Amino acid sequence: MPEYKPRVGIYGFTGCAGDQLLIIHTEDRLLDFFNAVEMRSFVMASSNPLETEIDIAFVEGSISTEEERQHIKEIRDRAGVLVAIGNCAVSGGPQAMFAKDGSFARRLKQVYGDIKFITNPVEGAPLDEVVSVDYYLPGCPISQSQAMALIARLIHGADPEEFPHPVCHECKLNENLCLLLDQKFCLGPLTLGGCHSACPNNGLPCVGCWGPNPDGNFEEQLGLLESFGIPHEDIIRRVRNFGGYKILAHIEKLSGKR
Amino acid sequence: MRILKMKPDFLKEFLMGLEGFGALYGPKRQSGILKYAPIESYDELVLDGENTLLPLKRLFHPMRFDMFRFDSRGFEADYSIFEKRVIIGVHPCEIHGILKLDEVFLVHPPDPYYAGLRKNSAIIGFSCLPAENALCRSTGTDIVAEGFDLFFVDLTDFYLVWVGSSFGYDMILEKEDFFDENVTHEDIQIYIEWREKRNRMFKKSFNFRDMPDIIELSYKSEIWDYFGKKCLSCGQCTMVCPTCNCYNVTDVLDLATETSGRRERMWDSCMFADYSLVAGGHNFRHARADRLKLWYTHKLKAFAHKYGSPACVGCGRCVETCPVDINVLTVSEALTSCEVPEE
Amino acid sequence: MSLSEQIENPFLPEPARIVRQYDLIKDHRFFQIRFIDMNRAMSFDYVPGQFAMLSIPGVGEAPFSISSTPSRPGILEMGIRRTGNLTRALFKKKDNDIVYLRGPYGNGFKIEPMVERDIIIVAGGLGVIPLRSILYFVLDNRDQFDELYFLYGARNPNEFLFKNEFFQIKAREDIDCLYSVDKDTTGDWTENTGVVTSLFQKLPKIDPQTTTAVVCGPPIMYKFVIKELLKLKIPKNMIQMTLERRMKCGVGKCGHCALDHIYTCIDGPIFTYWDTLHFRELI
Amino acid sequence: MAKRDTIEIKPLARVEGNGGIRVEIEDNRIINVEVQILEGPRLFETLVIGKTPEEILSLVPRICAICNLSHKYASLRGLEKALDVRIPEVTDLYRHLMHHGEIIESHSLHLYMLALPDFFGYTNAVEMAVDYGEIVTKALQMKALGNKIMRAIGGRMIHGENPVLGGFGKLPDRECLLSIQTEAKDGLAFALETIEILADLEIPDHMERDTQFLCCKPPHNEYGYYGDVLITSDGKEHPAEDYQSVIEERVVSHSFAKRSSYGGRPFTVGALARVNLLGERLKGEARKAYDGLIHDRWLRNPLYNNFAQAIEQVYSLEGVIETIDRLTTLKEPETAEPNRESGVGTGAVEAPRGTLIHHYMIENGRAVAADYVTPTAMFLDDVEEFIRESGERLISTKTTVDLELQFEMIARAYDPCISCSAHLVTVEYK
């Protein structure tokens, strides 16, 4: 009996395509990946997609038009497992940094004027605002090692493991001196790890691109950064840059406190 | 124990000559940060009182490594981390730290990875003068009597060299003529003066001896809540502490086949929320205050029950590291005075 | 490699075959597992209350109590609830599939304080899985022990584990079995209805000086059961209970199960009630 | 062919992002061509308003992953002008190295993985690998080299935060630079082989028409990927800050990417534009490759963009080797500080697929206006024109070739980057 290969689709919605590109960038392992699965659709890398029932859908990007809303629903209907890959799919991405503040219509007009498009644009939202999502692979862009570990588990029928720790975990394993000690702005403790602390490794602050660490102590960190002379609004603005929808609950708690 | 004398002029040649005993490691500055790393030239070695960012444990209990490879035939241990090494420039508190880890990793059944790294490594200790946050006098770990192969005490005009193992003695034999057996009364006097001078240099101390009881008594203290509110749960304290040993284990599958992959081990921290999470979602230590309490109980009290003394070796790293000033000093101070620290 | 020849590796999982499996109730399955190496299978010596680490390569490893008794060597039995990654993968295995085991770990029940004494076994829900081992152990060595009471409560008849087995035992003369469900959802439940503690009223007069109690159940159950046992005046150090913690190594290295100065995996998972008063985080 | 017919190619495969082509045909005449950019709008220019340069620099690479460092570089040039940051020459050298990395990565991805399968008749590179294993393997190595350079200087493969205003967080050490150099030397041999493979390829001519070209003019009479002056194929030169009067933008309903024209007509940017306008400045092996391949069809046929990319691949590999030679003799630069808090600046660079402009107005350390013009937005009109030309020609000569494939090949030759283009464009001068 020929070995059963899981049917896989890789889809991109609104975003920078960095997560799909990262998969393409796995170079040596890309061929392994293509061999281990039956690649039904990966439009960025291959022609002739076969849009039928699939076992696993990896979906990048936020939902930003009416057409995309319909399309993701359609993918959800025929996918056994749906994985949100990358910050845009998980949290909404940078385009969701003003999520729910009501400025979208004004900003859209500011950019495009009054033109009517063939599909109606909506404010960028994470996939789980529209459909149910089985697994999340955060990051902007996703990390190759996390992605390959998750993909390997899913295509071989095992559940992926989460990494629910702050950036600081890997930051210390990489032997970096903590930027907070120099009173520098760093979002490491508030941000989910998995990036191998890419920014602090270069002496630069974590910008929060993995999205919020659910266990983050937002209140204390805010106080700490304020004590460095960084204004409250600046901090809130910065955590929102990549926090999208997922940061809203934390922000709400904070503003409730103030 | 044998104690010898050596002129400082010989140091470089002696140390660099040890290559035959294993790859040389020692504190070395990389991108401004002091780390234990392979040493290529003598000038790279930093032999003063400064702490490395991560303690010596990183060489024996690696941050991340593969325990096993597995495939359809089963598991096979991966010992590729083993390497013959000579680690130079290890401070007394670091040696004490390793001795504490020995208690965990070498008791039955010994952890083969730790044991293998330990067995293949020689430790060459170096005396140090206390750094800003050194607390080792409080914890009684400022001097060391075991756990090294050689130990160099720098008395400026000469070194006193303690020989702690037969392996250490073999190293001495390599360059026998560098060493002088004749330790005079005068030398002893110099050593004693050095000890006294060193003792006077400690700037910080804490009530280490009474902490076990105080911790026990403070189980319900609101001081834990105060610190719990502050803690960022960044886990840095646990990473930098020489006596934290927790780790997590994860399987990583290969992409190509569904049966092969590796079992990876990586440092974990009791400061992270999922540390005590069990099936069904019950979390024994959801509150930050509880996580901190576990840590400080472990550092300042619990270890003593089993091994005679608590786990803290007074390196001062938690003092240097915690961004919100939670460390053995502030915690013991708060618990002792029953008052939360002033902002 | 010369640096690593002949190293004993306590973390090395050994292959074992799933001999038989069947569903106990929804999401709970019974497994019979035997080491591939027959010598290992026969020499695997354990005490009731101990556990083993079960691995599925690529998914991970987790601790499970051994539910069989060492008095019947060769095959290990486990009762497993499907909760997460590893257990989901385990439930996909078929008979004859290979899993990996290492152990036994933990202290196990202290048998000595039970010998020639009366024994009360109190189980709630899943807690019956480790207690089944001591239950059969006592039955297999029946002459060494005095009276044996087995109290087991489940939420409803559909969640009552090992129903056939336990009702068969009930027929025996040398054991007093008291069963209960919180609520009879089926209508054909013939035993007691009510929480497990309600069974205590049905116990005959107990002599606390000659009785040892063994308890396992969900965290919330301990509180109430212990209260009953104390009412019976059973000494605190004669109440043995089994506790659960997160574990990654099983041999006191990884730290996850630590509390105060003890490691649940080596100093436990069996503790006496007296111990728990000392180590405030135990329950 | 039916009297009235519509060809819909959706999604357009092997390009970055979500797009399609729609061609309407009536009575054997093409009545409408739309290259549709359906990737949702992200309104990036509104996202950076109120932000510090630091935040802007971290956000803009996210416009597009493939050209992420070009966005970073354009942004740096714009912001540094606005705030009068004077970087030392070494810093610029590191940036050029980083840029070469991106060009190598992007061109090799496009050339070997996305475009060559068309010429050789495969649906993707993995299939192509079955018959052309060596090419694909070497192509992957080439891409990996590009990635390695981007990671070394950018900080990570995609969206690295390492390039900061005035300098870098951390620079790669000598060993790393030398290993890059060694790999570049190995890669050069394959890049030259590629030139030979291409020289033998037959290029269809059914879409040929005259068009215009635009690119940055690098200083010092050298070839390069940056410059403060835009040059056009009509021989004119325009200061980069006047880009708005050169590149005329408009909005169309079938695309979230804006459309551009020059002098009222479509134009081409990218490798083909650069090689056509600046090729005479090339030196070394790249010059030899240029001399061997160039002829006047390059001015009329977009498929030559693939060839132009191959030439630039050679140029960039040589650039890497040479830049590292220089860097290893120079001291690491200090990070330069801004001399003012407010100002206006335009940064123009050549992204792999063409001219990219970032324009900022900063007041008291915060952006009050930003404008981005991306290459794909610039050349979309041109793509539509070439598709129209090709369609008319093919229909009228009744060739039986696969129309869809021909259209796709044209669009793909431009290496369109849809994320980049689906942005917004308005500058609000207060």
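A, B, C and D label the chains in the order they appear, each numbered from 1.
As a convention for this text, a residue touches a chain if its C-beta (ideal position, glycine included) is under 8 Å from a C-beta of that chain, and two chains touch if they have at least 3 such contacts.
Everything numeric here is computed off the predicted structure, so don't read it as measured data.
Compared on C-beta pairs in contact, B-C and A-D come out with A-D as the pair having more. Farthest chain from chain B (centres taken as the mean of C-alpha atoms): D. For the pair chain B and chain D, the distance between C-alpha centroids works out to 51 Å. With each centre defined as the average position of its C-alpha atoms, the distance from chain B to chain C rounds to 38 Å. Averaged C-alpha coordinates put the centre of chain A at 25 Å from the centre of chain D.
For the pair chain A and chain C, the distance between C-alpha centroids works out to 42 Å.
Touching of two or more other chains is recorded for residues 31, 250, 252-253, 258, 261 of chain B.
Under the contact definition stated at the top, the residues of chain C that touch 2 or more other chains are 58-60, 84. Residue positions 152-153, 156-158, 161, 203 of chain A are each in touch with at least two other chains. Chain pairs that touch one another: A-B, A-C, A-D, B-C.
Those residues of chain B that touch chain A in the shared complex are 30-33, 35, 53-54, 63-64, 229-236, 239-240, 250, 252-258, 261, 266-267, 269, 272-274, 288, 320-321, 323-324.
Those residues of chain A whose C-beta lies close enough to touch chain B in the complex are 29, 32-33, 35-36, 148-149, 151-153, 155-158, 161, 164-166, 168-169, 172-173, 175-178, 180-181, 188-189, 203, 214-217, 219-221, 224. Every residue of chain C that touches chain B in the complex is listed here, in rising order: 1, 3-4, 7-15, 55, 57-61, 81, 83-84, 87, 100, 219, 244-246, 248-249, 251-256, 258-261, 280-281. Here chain D touches chain A in the complex through residues 11-18, 36, 38-47, 50-52, 55, 58-59, 61-66, 68, 109, 113-114, 117, 123-126, 129, 140-141, 143-144, 147, 155-162, 164, 168-170, 251-254, 256, 408, 418-419, 422, 424-426, 428, going by the rule given at the top. Of all residues in chain C, only 56, 58-60, 84-85, 88-89, 92 touch chain A in the complex they form.
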